[in-house]
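What follows is a single structure, and I will ask about it in a moment.
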């Protein structure tokens, strides 16, 4: 029930602040007997970690994960898996001047209003650094769902969309933007450079597709698969919108346009003629690819001065220094993948519980 | 943990199928001492109930709620409040022909795939009729948060958007579309009539604004207020997208455009210069209006024949008869309000638990 | 999370007061496809219902259960099963005089202290009548665990214990005390008659044995099988103690006396030489019979006057009238069985979720 | 929902094996603004730690706790508090010979049966070493309930009970047994010495009293305060029984003996004439001291050889070497205190949530 635990059966409890000694998480409920080594997790972490290109934050974090429990002789034991990542590069002094003033778009004011006391260093608990814990846990979750392939990529950056006809899966890992369209990736280099130099920032839309999800995962009513995905994605820092399948565009279709007709499939299951639904019907997976799109707002930490107030209530201006991502949506892609993995691993276990193997 | 229970402290457990004897819910965790009568709940139910105009389903349900427990001498006792609504107008024969064939866009196939056995009468548990239970529970939730005013309205129907400059709160209850723009409401009459006559259907976008939410509700990390809202809204039948504040549009703004600057407010709290964030920062309410937009797909039950398969795997066509809403998004407005109320009531209690009065 | 919901995957949400229109519960998470009719549940209810002998309350309740949802064509659908039991014989006037004074041993004062407003008719929500909902839900739970046989019986009444050497399973249903020892049952007739006539009441100890539980159910750490059982049993009205296996007596054994040695079993699994542990080791079932003992205090509603205070704080005396069980532990036996069934059904699903079929 | 998380609002998620690099826990849901330093927690840990007398295990663990998150400038921030305790003295070789054979009374066989793969070093996750995490978390919980004083002590060891008339609170911390009766403590020295030298072990009964609990904590129905306590205590290693107030003895009293009569108290609240109920009525605290008794079985790790089988199914004998507590119930006292603190802190928050300040 706790706000820092995610999942119902495959549960992740996360801890840590941006500038404390460490961040990490405890993964509980993992099936036993799965081969797991730190390298399995590190692979995902390395895709998210800072400093991989000039388009992301230059904070220097190795993001090296250590497994403290739950694995014996290279396999999971079914007991809690504790994952820890030391914080290495903490420049708290970058934040000293913002200790007292609320940065627009940040959680400074709301944490203060809620708790009356907050760790202001590097956004504390509200830092996007916490998403490393999600990615680490997601690395474990992937092992639970080997039948599923999860792929996240940017389909829009700063309002500039990819050309769907130019979609090339191999391109996603070949540029710093997780962009499946080489031409768009080239344009985005300029967009992000410009924004960074201007002391501004950009938003992005990440799409995530999970193939191989069998029909039957998810549940009515409040635990719909799409509701779980919506919560998972909206819980990521800087996310402001989530849609499944055609999403908002579906609201502009007529019934007969939106219907995903069925024909007889080779395996006795229906073969769908389209996937406007994004792989979820009535909250339960249909066997089609599960498609989610996630809107990231532009990074709130910008060098351009913004009007604000300080803790004493006095009006001031703030220009956020430090080493920030000009577009948090970029590093959001591996995080979106992790959340998809966490949701699906949980759903697989939930389905098996109620409906058997 | 169960899929038919919503909420953490203010909990709603829902039951019932479209064509069973009754639907209803149990509301647990309600604070004691609140004045509650059936009329308080009926008011909301009447806004959602079928047959109120030609633009919604003509099924005849009085949707009369009965309180079976949890209220004594007109006030809540803190024990479970059981709410029951009899099903009156069940024309199961309308559904006989669809017992074996999967309706596109419906949960027929996925329920069959998950459970291997399903109540096909009127969509069974997957029927939008279940949303009456949500509205009933929402009526109780409103009593828990008297400081909050919740208002949902359609901002788009069939792709035709309202004029924000023509927004008139008083208009919302004056037309059958919960439309705040009288001119748009007039256009929508024609749109919906046309779709209905064509055997088609339309989608819609519902916006919901909650004013009076104090700063501090919600929580990091996975229990962000916006994550809870996203799950709540996405759990409603036919919803395919959710956004908070500027939502997807925020991903197209630059950092300085999206920043909600602050000035000193009259009460010592910050006065925000804009509300791109939709009243939530870092998962916690900021004190600004909480703004959510919800995309409803066009009704899947349409008279236009669609290709499909039957349970035996044979290809067929299906034209859905029965008395269906040409645009489920219309009656979605009171349901969205109810879900907002349920989330906020829960969050108020959660906040009080951790942070005190 | 709600206080009136029991279970993690196989969940029961209960509602209703002693003198309201009805009591009941919603069973969520039940596997689909199980044959279920009202008669399956009624069988258990009839064992618990009032008026079956002079040794239990003479309130006249048929305790007829109605299934409102979740079953279609005689089989569970995997959706919530709503069970309702009308309250028939409500003599609220019996309680009028106690509206204002707190009965010793009852929840009158504590409900008042907690909620500030309570339904005082027949103990309201605190009435043992609620246990009918548990028994009804337990009837469904039994269907989930056909491999398990659950048997509860009284081993002590009013301090008079059975002779273990005279244990006869067939005797349990042959006397009004669920007593496996015919001689003890004969003695208890006199004990209970005497207490009833004296305006007094007696306590009892119920033992419950579940055979057929496979090794592996339960989990470390806080979700130990025995911890779940302890909570389940202690949640029953009038229960003050729970022990597993040898329980308190184990604390008086030496290590070598308490050890359950193992020999090679015929099926490759260990054959235990004794069962001091009561079938649970480290929180996980061992494959041996699961043995729980539950202590019921004497009924608090007695005709003998007791000193107390009223709501205004004035001192008074109270003699509880009405039709009360002279020993609530008797009807406790079917309730203990139901709680055992609920816990085991839940544990079976939880185990299947994490560890597979 | 996860088996390694305890609590509903004040939540503790524990991790770690006896012979892994570290154990620890994440405390989530703690109110903000509480003064917290490692010393606050260390105090409790030192009472539980090994090697404090010859009557407990001689394993050398400093049990030094480190706070990794959730505290800023000496006060809690409301975000997760991560507590870590390094494992220092790991003599895995002591366990090498038991890798393959199941120790009677231990979880070796049941872990193997459940998970098919287990960390056998020092009982792995099933080690009582885990209780250090509970004690650490309990140290935080105490800060949440400053109005409550919690005191646990042994009332029986090896079947030898204290003299209640000789009860001296000051004595509890003056002997190695947490024994409030000096004469009994002297006798227990001999008892434990004898058992240790004989390669045997002894059980114990721990009583825990919480004073200062206001009326109103707890809740009907399945979340009764006593049900929560029963689960909490039964989840401790080696515990086989729990009772509240008079517990099993209450089942041998007559109704009028067991009734806790009331007189007018000085503060307008009832003054109880006795406390057979142990401070809980109807699952809700009455304002009287909350009294729990907990039965610990004798330590299962004994040097006396026991018959058992190995993983291959062959019969063998096992004599458990290593440095074990001759009576685990002794070090159980601080653990019982910790669980009491965890339950009460959680209940305080839950009560505040529903019923306000």
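The chains carry the letters A, B, C and D, assigned in the order they are written, with residues numbered from 1 in each.
FYI, a contact is a pair of C-beta atoms (placed from the backbone, for glycine too) under 8 Å apart; a residue touches a chain by one contact, two chains touch by 3 or more.
Quick caveat: nothing in here was measured; it's all calculated off a predicted structure.
The fewest steps needed to get from subunit B to subunit D, moving only between touching chains, is 1. With chains reduced to the mean position of their C-alpha atoms, the one farthest from subunit A is C.
Taking each chain's centre as the mean of its C-alpha atoms, subunit C lies 26 Å from subunit D. Centre-to-centre, using mean CA coordinates, subunit A is 39 Å away from subunit D. Annotation for subunit C: residues 1-5, 8-9, 14, 29, 32, 78-79, 114-116, 125, 220, 355 touch two or more other chains. Residues of subunit C that touch subunit A in their complex: 1, 9, 29-32, 78-79, 220, 349-350, 352-357. Residues 1-5, 7-9, 11, 13-17, 20-24, 26, 28-29, 32-33, 66, 68-70, 72-73, 75-82, 114-119, 124-125 of subunit D touch subunit A in their complex.
Of all residues in subunit B, those touching subunit A in their complex are 1-6, 8, 14, 102, 104-107, 109-111, 113-116, 125-126, 130, 156, 158-159, 195, 200-205, 215-224, 226-235, 237, 239-248, 250-264, 268-270, 273, 276-278, 280-287, 295-302, 304, 306-309, 313-315, 329, 351, 355.
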